[in-house]
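Two complexes, one shared chain (chain A), two partners (chain B, chain C).
Up next is the complex of A and B:
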């Protein structure tokens, strides 16, 4: 079995008063054991909903409209409670804001023990002992004492560590991390990223790492998927993506960043804004902002296809006018 | 307890930066002069009859701003950078220290005087969604500033507001919209227009692009730079994003636990950060955010920033700093000039590996 999670042409539907909207469309992704897949994009691009579909936490009025997800080789059935249990045992999730995800009236130790108990079915007594070990594993100092603390008694960084302890209780095969460091300061972010890398080495789990931070994803991901307006527009090994972005949106994102060693006076933004969900253009969603857009782009959505770059496997792009070597030279 | 720290603060405040140490950064025609600025917040008692602890958010900082420049304040959350911005505009009153704007000492100015002076000193907030009035169209909100300062005639004000909105890229039918009808980037443009319509000289930008997506962030950064050029604005630019700061600032002040730990010209700071904390911050920026790879050797700090209610004795960074010595645990370093330019508050800045 080479893939841990395999998402095929996933579409997600939200029922709004004005009719259904599709914030995720035809998304295909996979994560192999021990691999980190970075999922990047701007707010509203559908990256969080993709994650929530994987773990089965879509809310009311939000549903999977099409496509298949298989986890550890077996298809996922969102409506089967038994299958939900299988996923909850095999997957852990970390959210952006630990303070609003931890239970304020339970101690950190209690919450970590609960997660362990649910995943492994062990007794409460064993789970309690294991909870302290988990808090230790994620680098919380004095874990025995901290286990008796409530979330509000510890700092944001420690809360996020406790959240990670819950997520990795029972050694899940897949960790879904949705913007796990966005709410943290940079020096603490560096510590959490380091921690996730260490846990991945020790447990061998695959990580689906969602972030809007392109710099961070370059640092931690093996492969990166870039989402725009609900679709994956480009998927490539991290180094290749940053060295040679194929999609105009990826290129635009990288160009719009300020760099620490920039010589330029002005930044190069992507003009315009993301089209709203209820008014998606009929063709490529990026066409209205793209300087390469042609009539074809405005008429037909660009389908995902494998990159033609020689020597590169596992690289795909959804664009009618891929940036390749020939256009580069022109 | 916090009292140990409060005692270690030089209460004479204004003496913390000595004349020779300001030379490097002291401009000839400064628009804003801040001396020994301190803010202590009284905190709730732990026990009913217990002493009232104090939180020292800003501990005796001094700086000057030259007309037309951008000074960036950087640091992590809770370091006091936003408090400095609020103190400069007197949105909160300082515990100690003086603020002089265009040579006028505003420390003892009354509310009326401040209101008058605020025409020249405006603020751009981070969270444009909550900074805008949800029940007013944006042109009305922009014109409100003109009403308050009685600029122009009543009939002329809406025209001025429209011209300002046009200048920030919100022309046409966007001017009559309500804030919720705008995207995040457009809301931030409206906030900028509202601040600039009264033609201020100094603008405090408190994390103006932190809430925006990168593609839009670049648009707003460019806009802020264009407006600075066009109107000769002076910016106090508060941000935690070093790559944005590297792009917009002329000088940078790095804050940690209410103090400046390093102040330097932008190029000096990013090429040779002298303070271990500056090195940690710059080193923590992912390598992919440099076009030619990371140049600053990163310093890994242990743990997290301590609570400003119970700051460490000596250098505030000492429990986290890999280079800390006994002296750092005893003696609070003061800002002093460095041979290479810039000011640093570190006992060992010259001898660090």
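Up next is the complex of A and C:
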């Protein structure tokens, strides 16, 4: 299977006043063309930093500490401006809060045209015309008139549509969507998810879809990676993951979801909380909250292992005591 | 442009002017009998009564106010007692010279302050940032009269390359403009820097970076238009300080502008002139603030347009 983006053992480092911290550790992920990879986890588990590493937008004091990222078969080099250009042409990104991500003093049309112009190198005039088409494509009504609107004049849903128009201008191969619907109403969320699915079919782009909402991921993702405290703990095709979670954390997440058909309300929260960045346990980060944890878990983190289950490929888990015994370490 | 916004600001400007003109009237009345201030000490009581009647000081206070206000609106601030010319004419002769100095200062300060502030923000903590901030602190901690004298000592007395004072050629302008512009440019640079630092850390700048917008594009097309509002605000505020500075600087360099006229008129107790200049300065300030308010609307669509459907 050809891959669009391939992340190998990525670690991200933040230089804090009290010494460096590693909010992303040994993360390996890949997205194929036309595929949607869902990346789920609690707030602060490193999802966003993983995205920003992919598009090359780590800020001050944040850097890639180890691992490789390759995009369309070629390794990326964060320090090379030419590479920065290659990535910005091939990738689009949308963020959680469209209001703060759109420039308040520029019209929606101006911003979409600029994105198109930079990615394609077309003239301003062509880009202007294309901007209106893009706003139409993402389902903004009366795109010609809305192109002259400023971000504060349209609703949050329309703002996110405009962000998507900017992200897909010039048809990038990869769309990174970092919690794109978290700030929106539930009804708008459904529309945006449907829009992304339609655009994916039309443009054929791969999507890295980050969310903390498991229900949403079930709807949109082909494969799902579950992150906990900076590591990917389980990676599996969406249907398999929901049918048979293999990592205790994944199962905990699923058990904490409400189901409409339940006769009795029985939400099972995961007890405890995520260990802070500066006090990561030496072993598995989930061990303090895990009912299956043993001394071994507390001593050393489990390595990621491919599933040995017959008939199931592309499934991996990092746990000493997996739920499914066929993947348990010998 | 949102008409209601403009009208509101215009009404506020007119209201402020009315307050200032009225304030001048009140100050003039409570500082004592104008005839004592405007007439020589040795005139008789008969003459004073004559002028009291002539100036309407024997009428009720509200009638005096209306007469004064009517005259002020028509630009009549009385006559200079030094040479009996209308005060407004005397002031008006000086205005172009002060305007010349003011505009040159304004242009210099903007041309220095804005790029320095932007560069300091973009390359934060670099040598250019430290140099700019040192210049800014120097600029507004150095009193105008002192900087002016230092410049005269250096360029006129020691190096002998610039005239020490007076008006006439561009060489005469160099030192007064530099003296006035240093403080102004320092303030602009500092505010531009902090406004740019704030804007450059916003999410929409990250969006532009993700699209692949170059640094120059991000700074000038994305960040600067957003930082312009606080910068324009400080320019408006600094104008008052600049007028004060102009009075001092014109005196240091013997520049024949409104500032020098003001100091000599105060020394001579030529109240008609002082009154006229106070109102003129007030008009300048109010107009500047009105223009700043209009600039907000022009720069920020959120002020200009407001949310849809409201």
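Going forward, the second predicted complex is superposed on the first by the 320 of 330 C-alpha atoms of A that agree within 3 Å, B and C clash if a C-alpha of one lies under 4 Å from a C-alpha of the other, contacts with A are read in each partner's own complex, and residues count from 1 in each chain.
Just so we're on the same page, a residue touches a chain if its C-beta (ideal position, glycine included) is under 8 Å from a C-beta of that chain, and two chains touch if they have at least 3 such contacts.
Quick caveat: nothing in here was measured; it's all calculated off a predicted structure.
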| item | value |
| --- | --- |
| Joint occupancy of chain A by chain B and chain C, clash or fit | fit |
| Contacts of A:253 with chain B and chain C, given as first, second, both or neither | first |
| First, second, both or neither for A:270, with chain B first and chain C second | first |
| Which superposed partner A:198 touches (first chain B, second chain C, both, neither) | neither |
| Partner chain(s) touched by A:100 [first = chain B, second = chain C, both, neither] | second |
| Touching partner for A:144 - first (chain B), second (chain C), both, neither | neither |
| Touching partner for A:186 - first (chain B), second (chain C), both, neither | first |
| Chain B versus chain C - smallest C-alpha distance in the overlay, whole Å | 5 |
| Contacts on chain A seen with chain B and repeated with chain C across the two complexes | none |
| Chain A - residues contacting chain B, complex | 42-43, 155, 157-158, 185-190, 212-216, 218-219, 242, 252-253, 256-262, 265-271, 273 |
| Complex contacts: residues of chain B adjacent to chain A | 76-77, 183-186, 213-219, 221-222, 225, 240, 242-244, 246-247, 270, 280-282, 284-292, 295, 298, 300-301, 304-305 |
| Chain A to chain C touching residues, read off their complex | 55, 57, 84-85, 87-89, 91-93, 95, 97, 100-106, 114-115, 118-119, 149-150, 152-154, 163, 166 |
| Residue ranges of chain C in contact with chain A within the complex | 202-204, 206-213, 217, 221-222, 225-226, 299-302, 305, 307-308 |
